[in-house]
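Down below are the structures I want you to see.
Next come two complexes, and both contain subunit A; in the first it sits with subunit B, in the second with subunit C.
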Partner chain A sequence: MGGILSRENIIRWAALLVLLALIALFTALNPAFLSQRNLARIAIAAAPAMMVALGVTFVIVMGSIDLSMEGAVSLAAVLFCLLFVKLGGALLPWGWLAVPVIVLFGAFYGMLTGLVHVRLKIPSFMASLAMGFVGTGAAVMITGGEIVRIGDSTFRMLLTWRILGYPLMVYVAIACIFVALFIQKHTVLGRNFYAIGGGEELAHASGVNVRAVRIAGFALAGAFYAIGAIFQVAKLGQAEAATGANFMFVSITSVVVGGVALWGGVGGVWNAVVGVLIVNVIANGMVVIGLPNFLQDGVLGVLVILAVVLATDRRAVAFVK
Partner chain B sequence: MYELRAVEKKFPGVHALKSVDFKIARGEIVGLVGENGAGKSTLMKVIYGAYQPDGGQILIDGKAVRFANPRQAMEKGIGMVFQEQSLIPNLTVMENIFLGYQEQFTRLGVIDWKAMAAAARKQLAKVKLDIDPRMVTSALSFAQRQLVELAKVLTLEERVEGDLVILLDEPTSVLNKEEVALLFKLVRELTSRASFIFVSHRMDEVMDLSDRIYVMKDGQVMDVLARGQAEAPEIQRKMVGRDIDREYYREQKQVPYDADKVLLELSGVGISGRIEDISLKLHAGEVLCLVGTEGSGREAILRTIFGMVQPAEGEVRIDGAVQPRLTPGSAVARGVGYVPRERKIEGIVSGMNVYENMTLSQLGRYSSWGVLAVGREKALARDWIAKLKIKAHSEYADCGNLSGGNQQKVVLAKWRSGGSRIVLLDHPTRGLDIGAKEDVYDMIREMSADGVGVVLVADTLEEAIGLSHTIVVLKDGAIQHVFDCRPGAKPSLFDLLHHMI
Partner chain C sequence: MSTFIRTLIEQEVLHRRRFLLAGAAGLGAMTVPGVFGKGRAMAATNDPALAWSYRDRATAYWNSVVSGGEAFAESLGKPKSALVNLINEGSSEKSLSDLKSFLAKTGGNCAIACDANDSPNARPVVEAVKAANAYVSTMWNKTDDLHPWDFGDNYVCHMTWSDVKPAEDTARILFEAMGGKGGVVHLGGIAANNPAIERLQGLKNALADFPDIELLDAQPADWDTTKAAALMSSYLTRYGDRITGVHCASDQMAYGVIEALLAEGIDDMPIVSYDGNPEAVKLVQDGKLLATVYTNPYWGGGILTSLAYHAAIGTFKPSEEPNEHREFYGPTVLITQEDAAEFSAKYIDAVPDYDWNDFWGPTNGQIQYN
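Here is the complex of A and B:
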């Protein structure tokens, strides 16, 4: 105890330290890594994944898992594009409506996952995995395998309008992080996520409606996936059934690297944020230092494992499970 | 034979053990007493290797040793029977007994279940428990599980050379009189093979069983007393640092209840195999005590009232309204609070801090539009930490790190502060030191005076008689007798026992 370098403090800040160490490492290998342009690139790449990771964090804190993000993001992205085009194809006067509608749709989709999990008593990983496939399937069906494009320059300002060198999207993402933090710390729902993750029976015996909270958790996750989908569309200017590909690996890895415990009740938004940044810094850093393409996936995997080893307190795990 | 010298242990914000010296000889039974949070469990954890001391020495037969984990301690013959039970409920009894030591029964990785069952039976015989070792552990009663744990620890006998030290942390807190007597008899017999360290908040038991008693306070050993060297009140004064009120159960504060106001009524409630035809009324300001042996249906009644089990027959009325499909959620909404016996699964959420635990059942009152009033939550927690003298460094302390008794205080504060009008207390003083027990009795009296109805399953019969207005004696799931229990007209222990067995 005591002292800045105590075990407790090191564990609490481990993920952040790993992030700083990685930044230092890549900068040492290539100073261009720390250039403002490259940092902006990392921020843009991280923004959609950040939203998805925030969403799944709430579910993981509850002690469940949600694997529906790929399908959810694809479907939300495709629907967003189609709706946006239907509403005139420009943000003004009516295109903006697509944003709240799709976020609500995401929440609805998440709620369905939650209902399947809770009502039919199917383990969450199975229920959400299946719902993810449903989402991808629906996206394929709707688009017929085509790509849907959005050309509206006002909407693309999310990517193109830069303040202090960072695009608008990054600021919106930061705002979303604060919203998530608020939900975690200052709402009944957030508190109940921790109660259920920490002791489901106890939450039940305290009069918490565990099923309702579970469903709400999945719905909240769904809403964040939809925001992630909208960011992804803004980034790429298009959507297709494969838009959500890769989000599962990136988001779950990030959350774990950041130190959110998969058995629930431990960690939170802050851990997810650091985790997403770690994964994105690794991915970007490998490009910047010029690692050959064919090596990158493998190295990413190895570095992620290393990051987990360094950043999380696995000593406690041995006692828990 | 086993010795601690100047052992220190610190946690963030807590100096849990301050230069503790401790000794135990072969075949000796040492009692360990002290108020909640004094450091008893921490000391036990250091002894069996779960915590590493921050300073000082551990000596066995004069040689310094260091345990990195409980397994290493076990290899030196030190075993622990846990305060909050630690058997794995979905495994069989024999698997639990030999958990981690199955190699002796395996050939090429395949377990010889017959051999294991035979060996398990031998261990169970040591604790005089006649059950099938192939039984699933969750099917056992609490007392039986306790004995299985002891049997598990006794496997050390065959495994290690040399002397055994067996630690018992509040082993009696949920046992009834006969079970305690049985356990003690067993422990005495076993002193031919092992020494025991024994923690309990029941002074009579400690004085009865121990050869020497260590008195702890605030992480220090205050005194070491040989058998017969001191009387209970004196030890208690050393523990708590003040005199204990002789009017222990606050009988003088017991006021008559409001017989016109029925808060809760059960009529003809039955659950097959557990309780049958239970009818009772709880009035405003009444303390109604359910008395009976383990399995007599006390717990089933509490759980029915709280909506955790649905009665097959009969009905539950709260404030006169029939509750056809009661759930814990709706029970809480109607003003019912429940302090369960198994703290670890139903009492507190470890990982959440003190204020989060206290408001868990009443988030509606500490929020508007789903947004929490964290400031008010913290104020509430600070208030109760002071009122019940909860040993926590602040309202931010993780409840999982509090001592057993202090966790119990948090649970009590949670329901008391929630303004519940019908409070179900299952062993509310379990694991509390005498000082804290007094606080709880005061709290129960206060609740009565406020018109709260209390259904109590007490820790001891004395406690039941002292606290209650009405005693309902149960046997095999049915009501045997109802005693009026006004001050001056209290039934005797014998009256109750007569109907219990």
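Here is the complex of A and C:
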């Protein structure tokens, strides 16, 4: 209908086009931008934020919002480090156990957020924001403001071991993206997220257990935050109560820039992936082309608005709140 | 860990209890110092109550400051709890109202050390203390036109730190390690923060003496480890092998830089930082950092409590002291690879036994205003 240049097609591919245009622009200004080494650098910077963005995408698609990621990432990162050290401080023989335990913990933490939101009937942004504070507070209590370090070189291979020029972490992140895509496209849960986001009453009338799906959505998001936290620890070799700082801004911006609509039902994993790459390409590119730092925040803001304008079909909504 | 939680809870309970008491004492008590204030001799016969007013104990920095204050209280033979924690949680209003409650409760018979949270709040704090004829010493925040000597004895002193010179010293160590030539990048704090400005200035001062060293770039990474790692990676793309040294405005950012370089397989880059956190001192010992700077918050917290206390009991009369004893810079300790082990043994593994009566020995001269 309408051929390749139809409105639907342009909006569908807009985020990707913005990403390609940015890459072309930065490369024209400094060819080093497109070097394999720099792409690897962008990928490393993007990997933890990518996991957090994937998680929050599911929640946003449901038409809710989750702002607990900073606390969730901090707490998961701190607990991961402590558990890892407790299990011997090396990946083998027992340190690896910390990975599934913390991912489960993340899911549990997300489930709590979901329960607070659904059972206590608190709007999701408030419930999740509060749970985020709880997470940060707990991380502060546990660490007493100190830093927990992981020195195990086997675990750090996520960052240091390179295959075809990219660290192992990047491949694991790509695998996680496929898992997220699978959940979105091929599971009942994934389809129910869209059903609820598209029209909650209708979904309910059609027999979807809206409450259960919402709680499951938050739990799934929590599991992805925990994976993000583990990547963050792999990247920095340490965790503290501030490890999750900035993830809220980066992940929500990325998801929206990628074309996921905050009112729910629109966009998905693919948009989040492109969005995270756009935000990281901008951050890296501005330094690489030598943009003065006092201009960087302003330019970031303008580029974000531009990307959202291009990537979201706002004709579909009557009003924006 | 559990001790930390226990202290936190105890401290919060105290905090609440004090508030209730202060409320019960009511405004009436505020007039008491007015009645007795003028007539009371300089040397109060009573044992003044002690308090530290500050932001939040959850950060390592403030925890150190208040631990110093508690150590001073213990040196008087009192329990740690004799030092009341007035936690302002980053609110100047709370800072002032808690302080007024404390003044009311003690009838002005108290010695307070205080970081007023922001510069404009220092004046009302000092005025409230003066009105109650109590004694206060301040740290970090005050406006340039507010001076202890304008308030007689009640505003005992102010201590802050200048970061220019220490940052210059670390830069020199870095440049020596770079063989006096090459390119350096700087990772700064939040651009408008005073320490961020001063630490970059220190680097620039040192550059003047090293004509063969080029400052390739200086950008803020907002004191943040993650941002610093990303910024360092971007620097590597833009400048590549031209970067032969890194000057960081804080330890926290240096951790990110080290990891960003590790990801590239670079482990011999000369790096200097600032703050003297235990982890950074360890990195200096391990040879991953060349130097960092320690500002001894523990001593700062203790000595400010001690100064206010001794002014209150009349050991010395602040108004008779020279200006450099009223407004001064705190101590800075440069930690290099040669002395990191010694430093660690002295300051981290054990707590030094400070002489809380040596008020000005370790300070760094009178505060200069531009």
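Observations on the structure shown:
Here is the rule we go by: the second predicted complex is superposed on the first by the 315 of 321 C-alpha atoms of A that agree within 3 Å, B and C clash if a C-alpha of one lies under 4 Å from a C-alpha of the other, contacts with A are read in each partner's own complex, and residues count from 1 in each chain.
One rule holds in what follows: contacts are C-beta pairs under 8 Å (C-beta built on N, C-alpha and C of every residue); 3 or more make two chains touch, one makes a residue touch a chain.
All values reported here derive from a predicted model rather than from experimental measurement.
Three-chain overlay on subunit A, with subunit B and subunit C fitting side by side and no clash. In the superposition on chain A, A:Leu20 makes contact with neither subunit B nor subunit C. The wider contact with subunit A, measured as residues touched, comes from C rather than the other of subunit B and subunit C.
Looking at the shared chain after the overlay, A:Val266 reaches subunit B, while subunit C stays out of its contact range.
Judged by the touch definition given at the top, the superposed model places A:Glu201 against subunit B, while subunit C stays out of reach.
Taking the C-alpha centre of subunit A as the apex, the lines running to the C-alpha centres of subunit B and subunit C meet at 130 degrees, rounded to a multiple of 10.
In the superposed model, A:Met126 lies in contact with neither subunit B nor subunit C. Contacts of A:Ala175 after superposition: neither subunit B nor subunit C is touched.
Shared-chain residue A:Asn209: touches subunit B; no touch with subunit C.
Contacts of A:Ala32 after superposition: subunit C is touched, whereas subunit B is not reached. Within the superposed three-chain model, A:Thr187 lies in touch with subunit B and out of touch with subunit C [touch as defined at top]. Once both structures are overlaid on their shared chain A, subunit B and subunit C have a minimum Cα-Cα separation of 37 Å. In the superposition on chain A, the residues of subunit A contacted by subunit B and by subunit C do not overlap at all. Against subunit A, the residues of subunit C that register as touching in their complex are 1, 4-5, 8, 58-60, 63, 191, 217, 219-220, 224-227, 229-231, 233-238, 240, 255-256, 259-260, 262-265, 277-279.
Those residues of subunit A lying in contact with subunit C across their complex are 30, 32-33, 35, 37-38, 41-42, 44-45, 140-142, 144-147, 149, 156, 159-160, 167, 232, 235-238, 241-243, 245-246, 280, 283-284, 287-290, 293-294.
Taken together, the subunit A residues at the contact with subunit B in this complex read 1, 6, 8, 185-189, 191-192, 194-195, 197-199, 201-209, 265-266.
Subunit B meets subunit A in the complex at residues 10-13, 306, 308, 328-329, 331-333, 338, 340, 345-352, 356, 360-361, 363-364, 367, 370-372, 374, 414.
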